[in-house]
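Shared between the two complexes below is chain A, which has chain B as its partner in the first and chain C in the second.
The block that comes next holds the complex of A and B.
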C-alpha cells in the first residue's frame, strides 16, 4: 500500500537554466532520488526519498540543485508541531519504533551558548600565543594523593612516588568511540591516523580492532562494552587505554544494534561474530549490577594488562550522574567519560535520543564538584562528550572541570557528514556510516585524515588564542577554573549547578 | 615526467573529470555553454571506464614509446621535446584512426570536433590537469613516479 500520509521532508528543485544534464547527481544519490529519463534526455527527481544529505548538490558542477524543507504547512499549532504529526503518521504506517541517527536535535537550550569566557584587561596582561609558548599538553589518568621526593647525597631531587599510567595528549581533544561496523573502514582508519598525527587518541567503540589498525594502537583506546565484541587479551594489551562502556549519551539505558546487513566478512572477523548476524549488545553488562561488580571488571582489565594502562569508564549523563561517577572512581576508574544527551549514535530509538539524559554542561559541573567535595577529583580524569561543536565549547568544558573532551559528531562532520540522521539505513551518501563498497569508497582516507588533522589543529590554535586572551599560558591552569566563565540568561539554580557567576558579577 | 594516475579504489564514477575536461577544451570554457550549446562538438579527452563496481578515469599515458606517434602518417602526433607530452594537432589529422588502433590503452577517441582524432594534452596552459583538479575524491593523482623510483 502506498504510504500516502508520509510526506516528504524536503523538496528538491533543479534550475533548468543551470542543469547541464550531466547526471552526476543521478550517480551520487544512494536513495535513488534522481533518475535520468533516457527518452526525454532529462534528469528528474523524486523528492519524497530525499534525506537532505546534500551529496548531489555538493557534486553538481553547476550548483543547479536547491533543497528546501518541504513547505507543506499544517495549521499552526505550538503543541502539535509538524514533526510530531509526521512522526505519528510514520508510526501509524509501520507500527515499529522510530529510529534516528546522530544526536538529539530538539531545541532545548544549549548551555554552552549561555556561557561566556573572560579576557584580560589592564591588570592582568594577555599573552600572545604566536610569540610565547602555550601549553595544551594534557595527561589523563589517576594522579597521586601526594608527591614524595628523594634527595640524594648531592642534593639532587628525584620523584619517589610511583605514578599511575597516563595518556599524554598534545591537545585536550580526542575522538569519541565510533565502532568499525557502524562507520566504514576508511572512516575508522582516518580517525586512527589523524589521532596519531595530532598526538591524541581515537576510540574503537565496541566494534573490536581491525587488524589493519593495530599499527595505530598506541593512539587508540579500545572499548569493552556489554556485547564484548572483539575483546581478547591481545585487544586489551595493544591499546593505549581500555574503556568500559556503560552508557552512551544518545541512548542511555539501552544497548546497541548493528544490523546484519552491515556485518560483512571484515566486520564479522573484527567483532568475532558470525557473518550477516545482528550484532546486539545488551542494555546492561550482565556481569555488572553494582559498583562492586564494576570494580571487578576494572580490576580484571587492569590485571589482564598488568596495570600498564589507564582504565576508563564511560557513562551517559543521567539524573544522578555525579553519584555514579563517584562510584566509578571509587571502583578504580582512572578516567571517567561522561556523555551528554546530545551525543551522537549510529542508531537509536528517536524517542530515547530526544528525551533521555541530561545536558553535558550540567553533568560535567556536577561530577567535577562532587569529586572535589569528596576529595577524589585527582583520582580520575574527566572526559566530557556529547556534541562539542567548536573550540569555544571545548574550552568552556575545560573551565567547567573537564580534563579533555571527546568529539564524535564534529569529527564526522569534518569528514563530510551532513547530519542527515540516516546512519541507521546503511546508505550514507558520504561513505561514512555504511559498509556498501560503492559508498565506502567515496571517503578517501587520505583526504579524511587531512581534514580531521586540520580540524584538530584549527581548534587547538583557537584554544591557544583564547587562553592567551585570558592571560593563561597552559591549559592546566584553566582546568576547573570556573572564575573564567560567566553565565547569561540562566536561572540562579542553573548558575548554582554550573558553579559559575552571572555575567556582570 | 608527471603523469596522471587513477585510483580505481577511490573513483566514484561521477564523471566530473570528463565534464571538466570537455569544458577546458571548449571554445567558451564556461561549463553551461560548453555542456549545452557546444556539447556535440567537443570530446572529453578523459573517459571513465566502468565495469560493475569498478570505475576509473582513463587518459593518454603519454608513453615513453608512443605507438600512436609512430603510427601517425601525417605527423599530427608529436612529442613536446621539453615536457615529453604527446600532442595531437587536429589541423594535420586526416582521421585515418591509425593512432586509435595502435594505442594500447584505448586513450584516443574519434573526435566530435570533425573527422579528427582527439586525445589528452595534459591540459597545456593550465596549472594542473583539470580532471585531476576537479576530482572530488582525489582519485586522480598527477605525479612523477619515475622520479620517485630513481
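The block that comes next holds the complex of A and C.
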C-alpha cells in the first residue's frame, strides 16, 4: 500500500522475455518487493519497497532484473533537492526521527582524494616487494621514551625495560567494532576468523562475546560501551585488548538502540539481557561525566586485567578531537581510536549521521600533531577509522600519523554488503545485518572468511607496492611521514591542518 | 634580530617540544671515506684528501668536507666552534652573543690557503668556548653538551648569515662548496694531525651551493658523512622533535647526527645497539633469535621505530670514541671496509680504500645493516648483546 506522497527510490524492471517465472527473486527479497500472483501464476514487483540491495538481480538466473534510480524528477532546485523534499514527506507522514544505516553519504569532499603519494626516481631506488623484504608489522600500545638496559660488571648488557602490553599486527588494518546482534553470527564469526588468519584483530563491538568465538579471542578486541552488554571479568580477560567506546563517527554524542526483534536467544545470552527486549546504549557512559571518570574506568579495566591488556579509547572525530585525544592519553589510554564522520553504523538518525562530526583526515592530522607537540605521541597508538575505501586511503592515513586503521564498511562490502543503508530494518538480504535465520544462512562463513582474508591480503600487497615505490621497506618509516604526501586542490588552511605541502612544492 | 643577543630562553631547551613543522630535506649522491687509528696515533690530512680525490667523479663540485679528531690538544676541554659568516654584521652579532653565554678562551680565523677554484668564501672563524657559570646555574639540570647544542641551534636558526658547522671538543669539521680535494687544500688539512678522519664529496641534486649544506654534518663531537637519501626523514624529524631536536638545516643528514646523539649520548645505548635501532634486523630474523636476544631486539625496535633510517644510505659517523660505518638494511649504497693493524678504513669504493691501505690484513663488504665499528682504545669499551 502506497503512502501518500512517498515516492520510490528505485524503479525495478523485469524483462518479461527473460523471466522464466522461477520465483527466486520472491524468495530472496526480505522487503517483499517480489510477489508471486498465484492466480495469474506471475511474479510481480513493487518498486516502492526496493532498497537497491541487488540481491534479486544477483541471483536471478536469467538476468531479467534491472534496477534504476527512480527518475521522477522534481523541478531542479539546488536548495530543495529531491532527497530533502522526500525526507520532509516521510517525516510529515510518520512524525519520527529518520533513520539510516552505514556512513554519511553526502557529497562532501573526501580529502583522501585530494592527497597523493610520493615515489622514488633516480636519487633513491624504489624497492621491489617481490624481491626484497617489506615489513608491515605494527605494534599498538604505549611505548616508553627510551630503552633501559642493565649492565653487569663485564659491561654485558641485558634488557631492563618492561614493555607495556602491545598488540602485534602483521598488517596495519583491523576490523572495526561491529557487534554480534547488529550483524549476524556468521558475519561476526567470519571477521574473527579472518583476523586470526591475517594476524590482525577484529573488534567485537558492544554486543558481548559469543561463546563460540572464544577460540579466536587472541585476535579479538572486546568493547566496553555505555550499555556494558556482555561485560564481565572473563570477557575482559580472554580478549587481546579492551576498547572503551565513548563515541562512534556515524553518531557522535548519541547512544545506540538494537531493536528487540534482533535480540533472539543467542544475542540475548551473549549480551546478557532478556530475550526480545530492546538493547539500549545510553548516550554517555553514566559513570563517565568527565575525563577523570574516564581515567577511573581505564584503570578499572587495567586492574581487572592485571595490566596485561592494552586499553583503547574510541572517540568520534568532533571539533576539539585533538584535546579530547590528548586527555584520553593522559588518562591512561594505550591506544586512541578516532572515528571520522563517514564511519558506518547499523542505525543512526540520518540528520546526525550526515551533519555531526568532522572528517577523519583532518581529525587524524590534528590529533597526531597535538600529541607530538605535547611530547606524548609515543605514549599511545592512534587507530584511525571512518571509511577507508581502499589501500590508498589506508597508506595515506599512516603517512598522516595513524599507527593502524579500522575498517568496517569495507569488510562488510567484502562479505557482500551492497550499501543499501537499510541495516536498521533487520532485513539485510545479504545475511549480514540481520538475525533472521532465513537471511543469515545466506552468508556462508567459510566463503565470507575467505573473502575478508583476500581483502586484507590484497590491500597489504598494494601497501607494500606503494611503500616500495617510496623507497621505504618498513611501515614505521612512513608513519607520520607527511613528507610523502602532497595536497591537490586544497586550501592553505586545509594543507596547514593536514601538515602537508601542495603538489609541486 | 635583537632577540639573538639575549640568552636563549626556555624555548631553546632540548627538552622543550617543537611545534610540528613542515618537512624539508635535500637529496644527494656522494662519496664517503674514513680512517681511524684505534691506537690514537696521528696522521695528517694528506692521505684522506688523496682517498676522497680518488672518487672525484662521485661528486660534482657542489660540496666537500672533512672531520678530524684530536686536532686541538691544547684546547681539548673547550668546545671548538667553527663558524661561517656571510658578512661582518653577522660576525659582530654572533660574537656579542657568544660573549654573553660563553667564556671564550681563544678565537682566530680558520687558516685557509689561497685557492683559485674556491669561490664565494664565507668568513671562517673558530672559537674555543665553555658555557658561563651563570648559564650552567640557570640550566642546572642540563649538561654542558645540552647547553652547547641548544646554543648551536639558536645561532643557526636566529642569526641571519651565521652558521655553526662544528661544535665538538678536540675535533673539527671543515667544509665548503667545491670538490673535496680542493676544500681539503683550502683548509690546509695537511697541517693537522688527527687519529680519526672522515671525508665527503657531494653530488647534490636539488640544492644550490651553500657552504653550510656540505658534509660532514657536525653537532657536538658527532660528525656524519652520508651518501644517500633518508626516505624516512619526515618520520625521523618528527620523532626527534619529541626529544627537543630542532631540524633547522634542511638536510636529511642532520637527523642521522641527532639520532646518534639521542641514542648514544642521551639514552646511553651501546654503539652496536644504536646501529640496530637505526638499521634494525628484519622482524622475521628477530623471531629466529634466542629468547633473550629476541626480546631485547623486539623491544628496541618497538621503542625506536621512529629512529629507523629508511632509504638507501652509507654513512660514516665519527665521534670522540671512534668511528661507525653503516649501510641501510638492504645495502642500496656502496661501502667497503678494511683493517690493518690498529687502523680501520671505510670508503665508498675499493680503489679509494686501497689507496689509504694498500695491503690490508682484512678487506670486506659489510652487509646491509651490519655496522663497522672502530673504537679508540683509550675510550671505555662497551660490549653489547644480551
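Rule of thumb we're sticking to: the second predicted complex is superposed on the first by the 495 of 505 C-alpha atoms of A that agree within 3 Å, B and C clash if a C-alpha of one lies under 4 Å from a C-alpha of the other, contacts with A are read in each partner's own complex, and residues count from 1 in each chain.
Please note the rule applied: a contact is a pair of C-beta atoms (placed from the backbone, for glycine too) under 8 Å apart; a residue touches a chain by one contact, two chains touch by 3 or more.
These numbers come from a predicted model, not from an experiment.
A.B. asks: Thinking of the overlay built on chain A, is A:86 touched by chain B (first), by chain C (second), by both, or by neither?
C.D. replies: Once the two structures are laid over each other on A, A:86 reaches no partner at all.
A.B. asks: In the superposed arrangement, which partner chain does A:499 touch: chain B (first), chain C (second), both, or neither?
C.D. replies: Second partner only.
A.B. asks: Just chain B (first), just chain C (second), both, or neither: which does A:24 touch?
C.D. replies: first
A.B. asks: By the touch definition at the top of the document, which applies to A:483: first (chain B), second (chain C), both, or neither?
C.D. replies: Second partner only, chain C.
A.B. asks: For A:446, select first, second, both or neither according to whether it touches chain B, chain C, the two together, or no partner.
C.D. replies: After superposition on chain A, A:446 lies in contact with chain B alone.
A.B. asks: Under the stated touch criterion, name the partner, chain B or chain C, that contacts more residues in chain A.
C.D. replies: Counting residues of chain A touched by each partner, the higher count goes to C.
A.B. asks: Once the two structures are fitted together, what part of chain A is touched by chain B and by chain C alike?
C.D. replies: Residues common to the chain A contacts of chain C and of chain B do not exist here, since the sets are disjoint.
A.B. asks: Which part of chain A faces chain B closely enough to touch in the complex?
C.D. replies: For chain A paired with chain B, touching residues are 17-18, 20-24, 27-28, 58-59, 61-62, 437-438, 441-442, 444, 446-447.
A.B. asks: Quick check on the complex: what are the chain A residues that touch chain C?
C.D. replies: By the definition above, chain A touches chain C via 120, 122-125, 127, 132-133, 135, 137, 139, 143-144, 146-147, 149, 154-159, 161, 163, 166, 369, 372-375, 377-378, 470-474, 476-484, 499-501.
A.B. asks: Quick check: in the complex, which residue numbers of chain C touch chain A?
C.D. replies: 17-20, 22-23, 25, 27-29, 205, 228-229, 231-235, 238-239, 241-242, 266-270, 273, 280, 282-284, 292, 295-296, 299-300, 302-306, 308-312, 329-330, 332, 381-386
A.B. asks: Of all residues in chain B, which touch chain A in the complex?
C.D. replies: Contacts found on chain B: 9-16, 19-20, 31-32, 35-36, 53, 134, 136-139.
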